[in-house]
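We call the chains A, B, C and D, going by the order they appear; numbering starts again at 1 in every chain.
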Amino acid sequence: MNKRKICVVVTARPSYSRIKSALTAIQDHPNLELQLVIAGSALLDRYGNAVDFIEKDGFPIAAKVFMVLEGENPTTMAKTTGLGVMELTNVFYNLKPDAVITIADRFETIATSIAAAYQNIPLVHIQGGEVTGSIDEKVRHANTKLADLHLVCSEDARERVIKLGEIPEQVINTGCPSIDLAKEISEYPYLDFDPLQKYGGVGAALDWKNGYIVVMQHPVTTEYKESKKHIQETLKAVKALNYPAFWFWPNVDAGSDGTSNGIRAFRELEQPKNIHFFKNMEPTDFLKLLNSSEALVGNSSAGLRECAYLGLPVINIGNRQFRRSRAGNVTDVAYDQVEIEQAIKNAINTEKFECSTLYGNGDAGVKIAEILATVKLSYSKTICY
Amino acid sequence: MNKRKICVVVTARPSYSRIKSALTAIQDHPNLELQLVIAGSALLDRYGNAVDFIEKDGFPIAAKVFMVLEGENPTTMAKTTGLGVMELTNVFYNLKPDAVITIADRFETIATSIAAAYQNIPLVHIQGGEVTGSIDEKVRHANTKLADLHLVCSEDARERVIKLGEIPEQVINTGCPSIDLAKEISEYPYLDFDPLQKYGGVGAALDWKNGYIVVMQHPVTTEYKESKKHIQETLKAVKALNYPAFWFWPNVDAGSDGTSNGIRAFRELEQPKNIHFFKNMEPTDFLKLLNSSEALVGNSSAGLRECAYLGLPVINIGNRQFRRSRAGNVTDVAYDQVEIEQAIKNAINTEKFECSTLYGNGDAGVKIAEILATVKLSYSKTICY
Amino acid sequence: MNKRKICVVVTARPSYSRIKSALTAIQDHPNLELQLVIAGSALLDRYGNAVDFIEKDGFPIAAKVFMVLEGENPTTMAKTTGLGVMELTNVFYNLKPDAVITIADRFETIATSIAAAYQNIPLVHIQGGEVTGSIDEKVRHANTKLADLHLVCSEDARERVIKLGEIPEQVINTGCPSIDLAKEISEYPYLDFDPLQKYGGVGAALDWKNGYIVVMQHPVTTEYKESKKHIQETLKAVKALNYPAFWFWPNVDAGSDGTSNGIRAFRELEQPKNIHFFKNMEPTDFLKLLNSSEALVGNSSAGLRECAYLGLPVINIGNRQFRRSRAGNVTDVAYDQVEIEQAIKNAINTEKFECSTLYGNGDAGVKIAEILATVKLSYSKTICY
Amino acid sequence: MNKRKICVVVTARPSYSRIKSALTAIQDHPNLELQLVIAGSALLDRYGNAVDFIEKDGFPIAAKVFMVLEGENPTTMAKTTGLGVMELTNVFYNLKPDAVITIADRFETIATSIAAAYQNIPLVHIQGGEVTGSIDEKVRHANTKLADLHLVCSEDARERVIKLGEIPEQVINTGCPSIDLAKEISEYPYLDFDPLQKYGGVGAALDWKNGYIVVMQHPVTTEYKESKKHIQETLKAVKALNYPAFWFWPNVDAGSDGTSNGIRAFRELEQPKNIHFFKNMEPTDFLKLLNSSEALVGNSSAGLRECAYLGLPVINIGNRQFRRSRAGNVTDVAYDQVEIEQAIKNAINTEKFECSTLYGNGDAGVKIAEILATVKLSYSKTICY
């Protein structure tokens, strides 16, 4: 029997964490062949060069696609997406996959969807059905309407995708592959590497062994002109706390120049003594870092997903995760220095929360591979109502 | 007060008929300014050069966008769309419209949607919420999920868009602008021009004054390899009937080379004495031609929309209009010479049907302009459930 | 020892004839590996689907690149070229060739040149150094300035490339591979296939066994608005002659719609009884057809190249081959029915000419392969003066 | 009489200095209309946002074109160029200029050339005919072969363009517009602004009033893998000197990430006390800064052009300016810390040189405008030999 060729397109650093365990399971499955495409900011040094970690993890790469236009504004986001459609169309035309996987809701993921759907290739959407703010909200549901099979991360998401008129049998809750990694590292009681030594980075040489927090705040595309102001509130709050903080640079998104510039200017001017900056970290190392920390601050979806499983207190700032399902570990705050600072203080003084399986119980990757190997694949559908 | 700038993107011949009365109403509205963009096959001679009719109708054109890749297969459809995203992004960047209108569900309409939505420009989707087969089905609902305001053509469509999670106040049934034209010409009791003289075309010099039918059959993108076989059934049926027929060449779509080649080969070989071929016709002339004919044969959506209002018998072939709402004038048949031939015979011997207002009652254009002038425009939304 | 990977980009039907014997020789060479890329109009049915002949000839294809924008005007020519740069850059990035070959001077060949030169891949230009009119003249010499190694077809061309400041050792006269085919078929005394049976085509069912001519006339891009008028002169002349003629449709070029439309309208209106039309023919069959004919009429470069070797009388119309080297077999005429008709009459009554080796003596393919296998490859150079 | 529309495309910070006086003269000319297009890195914050200076100088901008792909490697350079062809084709199609000006030899300037030449728009090449290393060498001469009119900067360049087969009357030595600026500021005996206050920047707060040098070193595209190593030699030399230095970040080019990373790492590690870094400066301020400095170090072409007129000692490092004409003010050195350091020391102890008019005497802008207003414009040519 021929193996089914499953093409997965990874376009950014965070998408890799969200799919890694599924990649492993696809690669290991006797009836599946993995075709891994690395595209967009996952190839770029400025955004943490996710491709290096992927290669180090031993995944063979079928194609690399440079498609990011400089400018980091809504105009270049749109053009990057258009370019992505053209490039990925070529890639799929040559790889001839039996199914293509598009991941979640970043703006450029719709390029994967169009390139597959228009070429009559069955399209699998991972992590649909959730709710947030930002352009991601539109992109996610548009991906759903272009996709033929939906592998979602929660019951809530499953119900929403069905409400969107999708065929119920084609909507399956596998849980999120990111939780698989979280489960794996949740067994480590302490950090088994020195982040400063292993990842370098810039900024203060922290003494992190007695407790630290992690910060990761991305720009919100629909508010991109305010991104500099927003990040400053967080910067001031964290500096004022004077508690060790590992801070990660933002994704490539409209506004990330605002966010990046805000950080850069603050560093130059204020030289904060309690903040160290990283570009990127291997997904498992990042989770270990979280797991040993006192809290995650910012607006990363990891706060709602992986941290739910890890029981880590999360200070979620602003609208980026608006209405996404969350467990009890999340405290929502506004773009406001005082609110942020107080919430972090509370978190540091809080015990960890119970493990929540809201986004899965750690076997999503294996489930996804098994479904891909056995489900009937189709590229045609009609709305259910 | 500044006029609101409304940018409308017309990418194909049939889209023009579907929006023309709205263009006029926008242009005439004291608080609106029309920015008309002509793109895709609407610029191409091979597809009837819709741009010529548009200019003749006196609409000023703000930008022309060449974006169609040759090849007419799923791969070039996808790449055309990607190119369209890039080009239209530039156009909107320079025109700075207050709202962009994307029309219906052709594959390249999603390019308009992405270029607007990603640049935070309020997106208005016209003619969403309907149901059909083909890639159009996916594209239409994806457009809905990218759009902020929905001006639909029927109650059925309005309910479906709301079920898709859109904010009910943002979903308004205006009826279809194509019905405005139908209403206008429905008052002409007879054909006031000679189609052979006015439009030339190729093929038999028909004596059409004692009755004729009209044929318009497009390829179905998800069946594009069968398009040649499908068109042959219709060709054989129409030839066998030996009744005068005006036949229109298909749209640019994957498979149209199959359809076009099928027609071309049949002409060369069979030299049918009862068929005359046209590339294109002014929208109003086309409706007059329909209104004076005995039946429309093929799979054009005009059969379900304008012909419902005109009460014209329609032989609808195959899956292209699968599940789209239809009035009593439509007879559905398979890709089968015998079925097609019998259905046409029945239609020729049938009286006209009652006028149906399923798709509107003739004032859609004016309603659309008034809504665009007064509605609160936004580019951010969240699903309703 | 690793084989050198030689990537050849074929973008159009005529380019294939101009490189075919070299492809065979590269494929057969023990130290070379052929990477054949088929792009542009060579993939399109409307332009004779050269890819079918190439596959039939048994060449494996490393990548196919759809890049032709519809419109056939100067604007789409330019955009096709831009798209070609982007696409071919990807192709070379993935194929990692040791050298790239760009052929002659069609507008899109500069895309191959840029994609290779900018990526520091040694660029070999075939058939540089000649002189013509049209945009080809600019493109050819720009290709020369981007290329590192020049394999030219005549002494005249060799001297011109050196005058352009190229390093003399890097400029080698191999002769033209098209002459290799001409030599091969020059041994056939008569036509060994029936063109009507083998290639179909449209138009009159000619009785060609007692003599015929061949016509092939392309639009001239810098005169593209006049292309319809130009082709009409030739059409009227050939019809007036009332002598059997095989006529080939033109290339995809700005203006080919003018040329094609001119032919189409003339056919419909005049139904010439002595002309049969073909889209394409296998290169060797085309040469056999020429070799058995009385004359070639039009502006094809085959008239100056292959026909010089074959000694066939050629009526060369207009400016397309302006200043290109020619042997005694060529009669130049203006776009003028009377002149054209008289020149064809003279040619039919003329004996064949002596074989001229102006463009080579039939071993170009083998020479090219041997040079590619042994020359020192470089991607850096400086002008010699 | 209609004014001639002259479209100038500025794609990078340094190109602006090289054309500014001509822009002014075109704008002021009664028979010319300026259509200014800003594209590529001239729009990007990371590369000094030249567009801000251009707008501040009061030039109205006809179109902005985002076209730079992230990655800064040979692959993205090529794709940026392809994208540029597509975008600029649209721009010219809409602006309908009577002539287009492409400037010098940066990799993306060929996009301007193709977009104009293929659309039959007369193409004017400024600053052709010079000799250097790098991909610029190929691009410059390819631009020459695509252009119809050549306005060069030196006698040497004029002779070379004629040797390239261009029509002698179409090759005119106007001098370089950059010299016009140099002449203007050469009358300022001292610096009339504080660079630290006016431009911010990062790094040491220099005491520059008793003498300083300026450093500007770009990556060489054909050596892009070595760019990090190359810049380190210069960094070490300048640090060792312990003499105040103003250092400018490099252009966007393949390898500039190597160069930028090299600088960034050195700063972080070594925290040099005598170096202050700027992203950009208004062209006239930059020249004033040079004019009051002791020497320019690096590989900027300003060292050979403007500094010849200013008589400023220049330490020219490596191959980037290989074979470009130079006056007596230039000392060439290798990528070698010791050589560089010694050469700078010598320069600091040297008097200024005599003013050289090798690249013009300060009236280039006015001459260019006058030629553009009066010359016969054509888009067709044939090589002269």
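One rule holds in what follows: a residue touches a chain if its C-beta (ideal position, glycine included) is under 8 Å from a C-beta of that chain, and two chains touch if they have at least 3 such contacts.
Just so you know, these numbers come straight off a predicted model, no measurement behind them.
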Which chains sit in contact with both members of the pair chain A and chain D?
B, C
If I rank B-C and A-B by number of C-beta contact pairs, which comes first?
A-B
Chain A and chain C: spacing of chain centres that average the CA atoms, whole Å:
52
Separation of mean Cα positions, chain B and chain A [Å, integer]:
40
For chain C, write out the residues touching at least two other chains, lowest number first.
75, 79, 83, 86-87, 90, 93
Chain C contacts chain A in the complex at 63-65, 83, 86-87, 90, 93-94
List the residues on chain A that touch chain D in their complex, please.
41, 43-46, 66-71, 75-76, 79, 83, 202, 252, 257, 261, 268
Within the complex, which stretch of chain D touches chain C?
74-75, 77-79, 81-87, 89-90, 93, 107, 110-111, 114-115, 117-120, 131, 133, 135, 137-139, 141-142, 144-146, 160, 163-165, 221-222, 322-323, 379-383, 385
